[in-house]
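Below, subunit A partners subunit B and then partners subunit C, in two separate complexes.
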Partner chain A sequence: MVSFILKRIVSGISVLVAISFFTYCLLYFSSTNIARNILGEFASQEQVAAKEVELGLDRPLLVRFFEWAGQAVQGNFGASWFNSEPVIGAITTRLPITLTLVVVAMLCITIVATLLGMAAAIKRGWIDRLVQGAAVLGDAIPDFVLGIVLVAVFAINLHFFPATSSISPDAGMNAWVASMTLPVIALLINGVASVAQQVRSAVIKQMERDYVRTLRSRGIPEWEILFKHVLRSAAPAALTVLSLKFVGMLGGVVIIEQIFALPGMGALAVQSTSMGDIPLVMGVVLYTVVIVIIVNLLVDLINGWLNPKVRVS
Partner chain B sequence: MKFGPKSTVVAVLTAAALALTACGGGGGGGNNGAAATTLTLGSVNDMKTFDPTDAHIGHTMPFYQAVYDSLIRRAPGGELEPMLATEWTYNEDHTVLTLKLRTDVTFSDGTKFDATAAKANLDRFKEAKGQDAYQAASLKSVDVIDPATITITLNAPDPAFTYYLTQALGFVASPKAIGTEGIKTDPDGSGPYVYDKASSVKGSQYVFTKREGYWDKDLQKFDKITIKYLVDLTARTNALVSGQVDAALLDPKSGKQAEGSGMVAHKSQVDWHGILLFDRDGAITPALGDVKVRQAINYAFDRKTILEQQYLNEGTVTEQVFGPESGAYVPELDNTYPYDPAKAKALLAEAGYPDGFTLKIPTVAAFDGVNAVYKQQLADVGIKLETETIPPANLVSDMAAGKYSAATFQLYQGEPWVAINQMVSTSALYNPFKSETPDLTALIQAVQNGGDKSADEAKKVNEYLTKNAWFLPLFRLNQMYFSNKKIDVQPQLQQAVPSIYNYAPAK
Partner chain C sequence: MSMIQPDDLVGQTGTVVRSHPVKKILKNPMGLASVVVLLFMVVLAVLANVLAPFDPNFADIGKTLSPGDAVNILGTDSVGRDVWSRLVFGARTTLLSALLCAGVAIAIGLPSGLIAGYYGGKFDGVSNWLVNVLMSLPGIIVLLTVRAAVGPSVWISMVAFGILMAPGYFRLTRTAVQSVRNELYVDAARVAGLSDATILSRHIFSVVRAPIIIQTAVICGVAIAIQSGLEFLGLGDPSVATWGVMLNEGFKNIYLSPVLLVWPVLAIGLTIGALVLLGNAIRDALEDAEKIKAPKRGSNTAQAELATTRHRPERTISATVESGTEHHLVKVSHLGVGYPQADGSIKKVVDDVSFHVDRGEVLGIVGESGSGKSQTAFSILGLLPDNARIVAGSIQFDGKFTVAPTEDRVSQARLSEFRGKRISYIPQEPMSNLDPAFTIGYQLVTPMVRVLKISKAEARQRALKLLDDVGIRFPQKTFDAYPHEVSGGMAQRVLIAGAISCEPDLIIADEPTTALDVTVQADVLDLIRDLQKRLGVGVILVTHNFGVVADLCDRVAVMQNGRLVEDGDVREVLRNPKDPYTQKLLGSMLEGKEPMTMLVSAGMTAAEAAVRDDESDEKELAQ
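Our next item is the complex of A and B:
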């Protein structure tokens, strides 16, 4: 177990290094005029040249990358080139918002999709058709369209929720909950639909297995068979889809944050990338990769815990 | 146990309820702007720094105006009014400006405002070379005459200098704070409001509270002002119509939605829109070197129809680059180039391009729609318009570097001398090929030395630019600023958004 985790951590670090380098290359080739954009339209050519030297933009790619990496290893990610905000500070003020969105949405997806999927598998009939239909519909409607519709109905017409984020240091828990509700719903519909579908087919498959018949014949209550045995065996398929959803959601949240004006990582990523704010972009990319690695590791561990068959010896 | 229909329904409902309560529960909160003495604005641009040497005309002016007083204040209609300077006078040849200063003003850190502080700020502005450094281009030196008087000596007459003192150049910060790192995040000025850092979130919202003991109570109409950065147009529109913000800049389409929800429009014309024909000497595109070709381009556009279809008629067609309030506007010039493709073709043939030519311009997402229309308009007279997509952040710098012979763009219609230095003079950012002719140079000099008559002299520059088709002006666009009925707003002349002083609670 320990060696499995260690192995995964080592491979995670190599992925991290590879992605950092790849991102750095992309930024190197795609961003021009950074010094000019920082200084504004009216700075002289000399000022721009001086700024380029100050930022190290005049040096070769590899030198710059290793210098950045050397600092990053020591935990020093620098500060934004445009507004001097420290990268760590920028990320830690925005991360809670994005993580709350994604984690709450994932929890809701897990609970709702499991219940719906099981109901569809066992009941079949109308609820099954409903889940299947919803899966197609949920996949077809992009979450940002859903977000816009939700705002129009629940914020603007019914005034149940604020239309854009009302989160601020002065605002309490209420503002958080009210500001997060619509974005979370917009994010989760799509996930619920597809995960429920996965749970449904996995449960149906398990219900046909011999062990279910054996358990039934021994008089084990139906709910125990379902939740203790069938669900456990059906979980890996759903978990894999869930982890993919989670990773996908880190990207999808970018647009949702824009629509709801939530000051999360998405806005930061878009802004810093479009301006070529390399220290910030690198910080955002690293954080995303670390989260993806941790989630994948967790999913593998949970899978092993749920199902001894997939445990690594 | 089998799942009966009842228990299924219960399970689904419980799940749905769980989803809602886990992340819901609250609600309301849509009435932030309700109290009478708070003002909440939605801003298109974020505030990068509070350092006044990096202040920039347009969208971010309200942030600076809240915390800093300027030497001169500009009224909504453009008239200059006293602020930190109570009076100002030029010498005879308009090269020395004497300012009388207030003596009862204190900065946030307790330092008193005086002539030395004013000089320190002006000197620092020139040295810092910030976003709007051009405003100090003619500034030679500042001298302290007595604690309440300074004189500013200019290299040459600058008809826009007093206007600049209402803008970035005019903002005054505490001499203890200027030039420090701290001022970027902690403004230290004497403005009507103070920045409440603890309640603000960088990149999201900025909160300002009324300054105690401020010298002009008339400029403090609210107890608290919050400016929210809402870059997304949909979010901005939603925030406005749901009452989260009291005012915000929209566009013609979202403006219709806002009007439908009972919001009040405050339209003003700030920008002119069209194509800047940079390459007037034909360095990259030889055809543009011929005035007949540039005139042909002006004849090729059906301005009225484009305005109707692309901007829902929110604007006024024009053929000149100076605005009606600038003083340099000449109404008759708007009949110079009526839509006439046949004439355009004839002019092209006369110039030796009967089969047209190819013109390459940069495009960014914001202009993709109109550029497609312009491509069609030019194709109708035989000119092939090629567009090259570039990152929005590079548009201005690429234009300024002379990479393109023309570009679709929007420029604000400033005072004549501001506009000339923005797009006409050889040092202008939007004159990358440094086009000039002896005739035009003489006309520009007349404006510079025109003193009180400089706007009249600028009419001749306007005539020259229009007749020689330096640009392809298409229309002056309406700035679609909207507010709810809880507040009164006055648009600010030649500024993207109203100044902070232009808001008041509705009577």
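Our next item is the complex of A and C:
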């Protein structure tokens, strides 16, 4: 078990290094006009040159990368080139908003999709057709289009929710709920439908397994067979889809935050990449990759716990 | 790479599955609707120059945010550009960019998947690592970075996104190729001296074509979504008219002119929706085609004959009058079991079967596969599949109806009083009948806790004793093991222990030895006989093997094509079979074969035999 986790951590770090290097190389090509952008168009040529030296833009790619990486390993990710805000600080003030959105949406998806998917698999009939139809619809409508429609209908026409919100971490619970409801809905609709579909087919597959019949023959109550045995065996398939949804959602939330004017990681990503603020971009990319790696590790651990066969190998 | 165009697409599926599914796609209302929508969008894109009255970037500053009129049929945007013209040219850019993305993804994913799947080795390892890296990257963040590096070009971001989407094709192709690589016909082609390239293109490419078309429909949808999303963020190229740019423009003016949002939202929603639906329609069409090819449930000559004698769904209530006069442990009267067919008829798999079993008695039900013997057994257990119907007859257990003469289903409520408590079941295939996720101990203890209402500790004691009783040498070790850690013979012993754990009156054993090695078969039969004698239970033994019947049973019932052709005392039937089918079965069974009992050397007890079985299991457990 320990060696499995260690292995995964090592491979996670290798991915992290590869992605940082690749991103850094990409950004190298964008850094031609950064000094000029920072200083404004009225700065003299000498000032621009001095700024470039200050930022290290005059040095070769590899030197810059290793310098950055050396600092990053010690936990120092530098500061924004444009407003000198420390990268860590910029991320930690915005992270709660994004994580709240994504985690709440993922929790809702997991619970609702599991119940719907099981109901569809067991009851069949109308609820099955509903889930199947919703899954197709959910796939067909991109979440940001749904977000736009939600804003147009519920915020601007009906005034149920604030259309745009500028919540701060210390805003009251009500303000959070009011400004988070629509974005969370926009994020989760698509996921609920497709995960429910996955749960449905996995449960149907498990219900046909021989051991379910044997458990019934032993006098085990039906609810126990469903929730303890069938759901457990059906979970890995659903978890894989959930983890993919999660990665997709980290991207999707960028646009959703923009639609609802939420000052989260998405806003930071858009702003830093459009200005070429390399330290910030690197920070955003690293944070995203680390979260994805952690989630994938968790999924593997849960799968191992659910399925003893995986655990052994 | 013009895969997105529906006419092209249809042509391609046609070659894969022989024109059949194309009609199916078009007959499916969803499929037809999606093809129509996509065709419409393609026409817009192709004829943009003709259909659009204005250049997409021509701005009439004097006429901004105007509603539709004769000149600008859909109105103008905030700088006075014609919305209709932009929509039409947007279709071109958007569809082309989606194709570009899919093209790049295919160009990378397909060949690498083919090579990785066919040759494996280092290339496979490296590409898998790369795929994992790519799949853990959120697309938008990467595209934002790419944009920061090379500027706001629709085409470059779509190439980048194509690279990100390549793993989808890679995995698809790799899995398909791996599953085909070791098929006999590929081996045969290799032996015949065909080059790898020929094999790849001729045999393997045909397997992956259909899934790739489906994947392409989906990827095009995702590409349109992500591209529009980027442009919506204001990160697109403002000089190129696309639906995403229009979306951005509309959202900026959502308070002034909300209708500006409607057109791009509609265009994007409809196109992506159509692509997803088309993918689904193709998948459905292909699955249907497979279903028709696949053999129907339990299809063999016996059932095919039965199928000709189809009955309407009505129950026959006749001939149930004489039931219930004498008392038996289980009494099956004129039982009929059937499955509703698509045409409304019912296909009978069990027809007018009657027999009874008493405590302390072993009844063998013999017949070839498809004779309805297992269906009969499952009717008694109430474990028929959901779609099965009791079309005739009744079943009584200890004088109570579990299937009353007028019901078309087994009463789960009445049966749950008995099942697990007084009726138990030994399945055919030991490994698949244990839940792989729980220890053997858990699966023995829980039924006892639920059924006998005893404490876990007590159940545990009993489980260990039971494991010992069924001849397992190290009960504690087996108790703690997971099903995949024991051998088939051991698993069958565990299942037998489970079957007797709640002290049943009747055990139904469905071919309990068929899946086991020949030597283990004899041991398991001995075990069943020992337990039956010791516990005095009634046993229904379902088997196709007359040797087993001769060995174990007191009475025998012979089934053929769902009907009972002969029943009686075992010795009587064996010595003097009346029905020609029984004679045939016996003839095929005994000719030149030794009876099963001879496999266990004389004087060897079940326990001794068990030790022999366990020794091999010990080795497995120790590993």
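The definition used in the following text is that the second predicted complex is superposed on the first by the 307 of 313 C-alpha atoms of A that agree within 3 Å, B and C clash if a C-alpha of one lies under 4 Å from a C-alpha of the other, contacts with A are read in each partner's own complex, and residues count from 1 in each chain.
Going forward, a residue touches a chain if its C-beta (ideal position, glycine included) is under 8 Å from a C-beta of that chain, and two chains touch if they have at least 3 such contacts.
Predicted model only: the values in this text are computed from it and were never measured.
After superposition onto subunit A, partners subunit B and subunit C are found to clash with each other. By the touch criterion defined above, A:R232 lies against subunit C but remains apart from subunit B after alignment on the C-alpha atoms of chain A. With both structures placed on the common chain, the touch criterion links A:S179 to subunit B but leaves subunit C unconnected. Applying the stated contact rule after C-alpha superposition, one finds that A:V151 touches each of subunit B and subunit C. By the touch criterion stated above, A:A261 is placed in contact with subunit B alone, subunit C being left untouched.
With both structures placed on the common chain, the touch criterion links A:F161 to subunit B but leaves subunit C unconnected.
Once the two complexes are laid over each other on the shared chain, residue contacts for A:S274 go to subunit B and to subunit C alike.
With both structures placed on the common chain, the touch criterion links A:V136 to subunit C but leaves subunit B unconnected. Judged by the touch definition given at the top, the superposed model places A:P221 against both subunit B and subunit C.
Once the two complexes are overlaid on the shared chain, A:I88 sits clear of subunit B and of subunit C alike.
None of the stretches 77-85, 527-535, 545-553 or 581-589 of subunit C clash with subunit B in the superposition except 77-85. Across the two superposed structures, the residue set of subunit A contacted by subunit B and also by subunit C is 30, 148, 151-152, 156, 221, 258-259, 274, 276. Residue ranges on subunit A touching subunit B, taken from their complex, read 30, 32-33, 36-37, 39-44, 47, 82-85, 90, 93-94, 104-105, 107-108, 111-112, 115-116, 119, 122-123, 127, 148, 151-152, 155-156, 159-170, 174-175, 177-181, 184-185, 188, 221-223, 258-261, 263, 267-268, 271, 274-276.
Against subunit A, in their complex, subunit C makes its touches with residues 30, 132-133, 135-141, 144-150, 218, 221, 225-226, 228-229, 232-233, 235, 247, 251, 254-255, 258, 261, 265, 268-269, 272-273, 276-277, 280, 381, 383, 416, 419-421, 423-425, 427, 429, 432-438, 446-447, 450-451, 482, 484, 495, 498, 502.
Taken in their complex, subunit A has these residues touching subunit C: 11, 15, 18-19, 23, 26-30, 136-137, 139-142, 144-145, 148-149, 151-152, 156, 209-211, 213-221, 224, 229, 232-233, 244, 247-248, 250-252, 254-255, 258-259, 269-270, 273-274, 276, 281, 284-285, 288-289, 292-293, 296, 306-309, 312. The part of subunit B that touches subunit A in the complex is made up of residues 1-3, 5, 8, 11-12, 14-16, 18-20, 22-30, 32, 46, 48-49, 54, 56, 129-134, 181, 184-185, 198-205, 207, 228, 230-232, 234-235, 238-239, 241-242, 244, 261, 391-394, 396-398, 400, 429.
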